[in-house]
Amino acid sequence: MIRAAIHGASGYTGFELIRLLLKHPKVDLVALSSRQFAGVPISEVFPALRGVCPLVCTEFSEVELAKAVDMVFAALPHQASMNAVPLLLKGGAKVVDLSADFRFRNARVYSDWYQPHTAPELLREAVYGLPELHKDEIKEAKLVGNPGCYPTSVILAIAPLVKERAIDLDSIIADSKSGVSGAGRGLSLATHFCEVNEGFRAYKVAEHRHTPEMEQELSILAGREIKISFTPHLVPMTRGILSTIYGNLTDGVSPRMIVEIFNEFYKDAPFVRILGDGVFPNTLYVRGTNYCDIGWKIDERVNRIIVVAAIDNLTRGASGQAVCNMNLMFDFPETLGLLRSVWQP
Amino acid sequence: MIRAAIHGASGYTGFELIRLLLKHPKVDLVALSSRQFAGVPISEVFPALRGVCPLVCTEFSEVELAKAVDMVFAALPHQASMNAVPLLLKGGAKVVDLSADFRFRNARVYSDWYQPHTAPELLREAVYGLPELHKDEIKEAKLVGNPGCYPTSVILAIAPLVKERAIDLDSIIADSKSGVSGAGRGLSLATHFCEVNEGFRAYKVAEHRHTPEMEQELSILAGREIKISFTPHLVPMTRGILSTIYGNLTDGVSPRMIVEIFNEFYKDAPFVRILGDGVFPNTLYVRGTNYCDIGWKIDERVNRIIVVAAIDNLTRGASGQAVCNMNLMFDFPETLGLLRSVWQP
Amino acid sequence: MIRAAIHGASGYTGFELIRLLLKHPKVDLVALSSRQFAGVPISEVFPALRGVCPLVCTEFSEVELAKAVDMVFAALPHQASMNAVPLLLKGGAKVVDLSADFRFRNARVYSDWYQPHTAPELLREAVYGLPELHKDEIKEAKLVGNPGCYPTSVILAIAPLVKERAIDLDSIIADSKSGVSGAGRGLSLATHFCEVNEGFRAYKVAEHRHTPEMEQELSILAGREIKISFTPHLVPMTRGILSTIYGNLTDGVSPRMIVEIFNEFYKDAPFVRILGDGVFPNTLYVRGTNYCDIGWKIDERVNRIIVVAAIDNLTRGASGQAVCNMNLMFDFPETLGLLRSVWQP
Amino acid sequence: MIRAAIHGASGYTGFELIRLLLKHPKVDLVALSSRQFAGVPISEVFPALRGVCPLVCTEFSEVELAKAVDMVFAALPHQASMNAVPLLLKGGAKVVDLSADFRFRNARVYSDWYQPHTAPELLREAVYGLPELHKDEIKEAKLVGNPGCYPTSVILAIAPLVKERAIDLDSIIADSKSGVSGAGRGLSLATHFCEVNEGFRAYKVAEHRHTPEMEQELSILAGREIKISFTPHLVPMTRGILSTIYGNLTDGVSPRMIVEIFNEFYKDAPFVRILGDGVFPNTLYVRGTNYCDIGWKIDERVNRIIVVAAIDNLTRGASGQAVCNMNLMFDFPETLGLLRSVWQP
């Protein structure tokens, strides 16, 4: 058993971590850190936890947290994280950071899209926590930068095609759709029920901060710089991301090769369900799970492939992936505590 | 480990049973019986189960089922069940029946509200599967009639008050609201998305078949016949029932006595969460769980109590309760496989 | 043509007033008053109005408003209204006030449930704007207190029965369910999409401020003081209220008498649609309209009647009724601008 | 005043026609034809119409209909329409056909995607009813093929860019998202509330029948054959389509030129609201209206433009556009009966 804490426990990813860790056979969740709700039982913050989780939110310092536990999930806002994480590491804890602060290899990219980085030296040792791409490094890591929700779905959908150059690397377009929980638990008109219900819209078109994250990982796979178009949309539902990705097929790529490329790439990936050609995923079928479901179609009329991937943005897109990363960092089985948790309807 | 089967696996309660049994540490789910989907993998019927459950729907006879397993969950329609259950019992299986066919002690009541009963002799040995009321009998039972979803919420909400005669037994009114999954997976205009969304309505007012079920159990508790008014409503959401129950307080009943009555009645009930006076449940907080959350308010101006109870209609109102009954029938801990499964958002 | 203004135009009732007044053949909507959005085109506050309404929100004083128009709809918060309305009246405008400030005949009742009243002398001349009950007085009024959304549905549902003493006046229970727009456009966790979706709950049980409003009007009809139980609930939808009202039938009241009582009471009411015995309304069918749909059922087993009424909380429950009141105050046909505006799906 | 009928009145587009025609100042809606509901008042088929529309569904022959009215809206299924329309025209009625049967200039294209055409001679005289492209021909037409919902949004979004060759004509990708009412009122698991709620998915990827319709119109505008990729998705909401369209910018096209191209193309289009660069539409803001809202963003990093367009699939995508076409065919003002009908929330 290891001891774990959540730093910044009162948001939706915090809740999702609690939900998953309470069922994890090798984790003892011992501390929930929250400034805003210091002194408040977590079961008042999230009434679903009444009688289930007795912990009280406390404003712990990083030093206290690192002393008390083996593993910290940092679910803080961007910028707050890069101040907290160095202290947690220094105290000896392993860290999975759910913010964007440790996802980038290049501090310049981070500063171009976010703000100046105050702990750039850690970027070298931080590992991008997408297990299908970096499993071995994650196993050795003390700090994992947990991927963004959109990038998780987009990268998984086309990583095999990019790596095998099955598509024109300059033609990639990712059109993504997310449920409202991706915007967090904070209040805004954009998450008011009456403004969301019966509304569907695009936002931050061609300027969403998840773009460089996708480009970093796809570029590594391709061995050369890739730029993509990325358009996020908001769906009137709570959970789920569906990404539809377009790419022009390279000459000579056959439908059968596509099948083989996907099967080979994900042959050891317990959390990728390949649906195949002509079968498409649904956010409904991955709710609460760590799965990424992937299907595709070749549009022969225009020689383009359309790959569709679905994840639960809070599970695979955040907290479930974080738990998977923790499993790897502590040499537990990759799927421990994350299987058999399906949900439909 | 016991071996279990689901007879009629392709509906929503079937899915919910699969979801729960796959996580149950003492159950090996070995057979899914379905006439409609015979030959079809359950993961095609419910794509959420892809890679999770390899079973294929098969049209088993009751003899085959009883031979293959220790425990059958009968999730058949009313009437089909009373033909199937005697054969299952004869074959030696224990049965939790999720239809209405074995919920009544009196065959006359059943025939008044449903149709003539073809296995009335079994009504004497069948136990009404509400663990908070009949735990000891359930432990000895070979056949449990699993309660209806509405009755579960209504009976639990006022059983303590009825037993203690804290309310006028002739004044009980239950106003219940249910998500759409209560109507099942069958097709009808009433479950068409565009007819449900932004719609809220009452139906079967004062003539819903769950009424006599509530009256039976409340009458037993009171030691005299009780009749109530019951109004069900349809809510534009998938899961959840919230019941609001009204009763005129008996003279001399104080707020403090109410607290004591509830605490005493449910002191050994792991699945009832008493929220107390002035705190009210929300279907959101019980999703996917076997909890029944109960709160109340005394309306002093009119000397009436309003009790509000929330359950998940598919879990506590059907399949979760069925698994709990199985736990009791096989002398497993009551909560085995049913705890720590919360969900919010 | 008359000139009209909306004082407090940026909320949902403000929008609904704009929507209705833009289509009204006798009204020229000339001013939108808003402090929060002063200087902002209303089409930025409500993008649906792009190209439809060129008005710009302005922080008008009451003196300016009264000078500029014949009619002011005051859609201000409680308390703000009782300061503004006297000035509007003094300036010569007629006023329909959508807050609670001018709904009560008795300042003591208002102060018991809200706060001290600063313009109690106006309560005597203000008319409660439920046209089915007070049409003649509304026609003569300079100030109409527009009814609350819940009271509109509850009073209309049982006014005929109360007036005719067809039910025991001490047995009335109103169980109401409202869409989220009733909570307004302000931000709170209670209206966050992820906290509403799949959630159904009761709130302010036995202490909602709309209770005394219902009691005032029902007491007048009965000729004696009536107290009722009232429980509001929140439904995961945007618009609509459905109220289910229970009352014990007086001895000797037959089903046929009930039909006659309703038909007689509403024989001149263009906005009440009587569905009759055994037919029940649905919020979906009244969306965007000024209708109140009413059906009922006699529960003979317990000699109780259940009346169900549905309205659109923003139209009949607020702005549509306000426009209807304006029609009466200016001697326009009662239904002018309010008919033929149906919506389904 | 003209006399109008709806042939096939019981579906959602039928309802939407009724809703709009009841408010139209120049139309007398006199007949509702329906085989399935012959003899049933339309207010039973759509209870929102109680007290609003007294018409009774009748199974009229085409000869009867043509004799009785000036204008028939054919809201029949594909294939049924091409049998009915010739008889209606022969009888002297003008027809707007809402099926796909008269949208194509080339019978071969129709037969490739649908089935053999039985009235190919009428394709020459039928006009594709997108007023922004074919206003003059619609004015002279006796038969208008009303556009599909998806094509309306996609064509309007990029027609200006295609006509001016501002984008590479081989790079067009349309990613569209539709509410559930687009699937009609028929029953299927795909429209069951519990299968739609919290679900988002793609369907008929690269093989939806609306593809050739878009290609036909864009090819005409470009003066050469265009093929596009089209992916439809289902959104858990009732109404609305949002289309996101991608195209590679032609060398030398500046942001300012894009603005001018849109403004010029739509300078006489009362139902297109151009939001401009960086402002994006929302289905919520066009509900119930005939507007198409269009915004865009130039992704300079990859020299691509992303255009986003929103419509109400039942209004602009079907019945509203049909009424607009009728207006043109009878020389009424284009916007008659279609303005000032906004809706938010």
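Just so it is clear, A, B, C and D label the chains in written order, and each chain counts residues from 1 on its own.
Rule of thumb we're sticking to: contacts are C-beta pairs under 8 Å (C-beta built on N, C-alpha and C of every residue); 3 or more make two chains touch, one makes a residue touch a chain.
A quick note: this is a predicted structure, and the numbers were derived from the prediction, not measured.
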Just to be sure I understand: going only through chains that touch, what's the smallest number of steps from subunit A to subunit C? 1
Considering only chains that satisfy the touch condition with subunit C, which of them also satisfy it with subunit D? A, B
Between the pairs B-D and B-C, the one where more C-beta pairs touch: B-C
Distance from subunit B to subunit A - Cα centre to Cα centre, in angstrom: 37
Measure off the straight-line distance from the CA centroid of subunit B to the CA centroid of subunit C, and report it in whole Å. 39
How many angstrom lie between the CA centroids of subunit B and subunit D, rounded to a whole number? 46
Which subunit C residues touch at least two other chains? 12, 181, 194, 197-198, 236-239, 282, 284-285, 287, 345
Quick one: which bits of subunit D touch subunit B in the complex? Just the residue numbers, please. 12, 180-181, 185, 187-189, 191-194, 196-198, 236-238
Applying the document's contact rule, which stretches of subunit D touch subunit A when the two form their complex? 170, 173, 175, 177, 179, 194-195, 197-203, 205-207, 227-229, 231, 233, 235-240, 242, 244, 246, 278, 280-284, 287, 297-299, 301-302, 304, 306, 308, 310, 345
Within the complex, subunit C is touched by subunit D residues 12, 15, 19, 22-23, 46-52, 181, 198, 238-239, 273, 275, 282, 284-289, 291, 293, 339-345
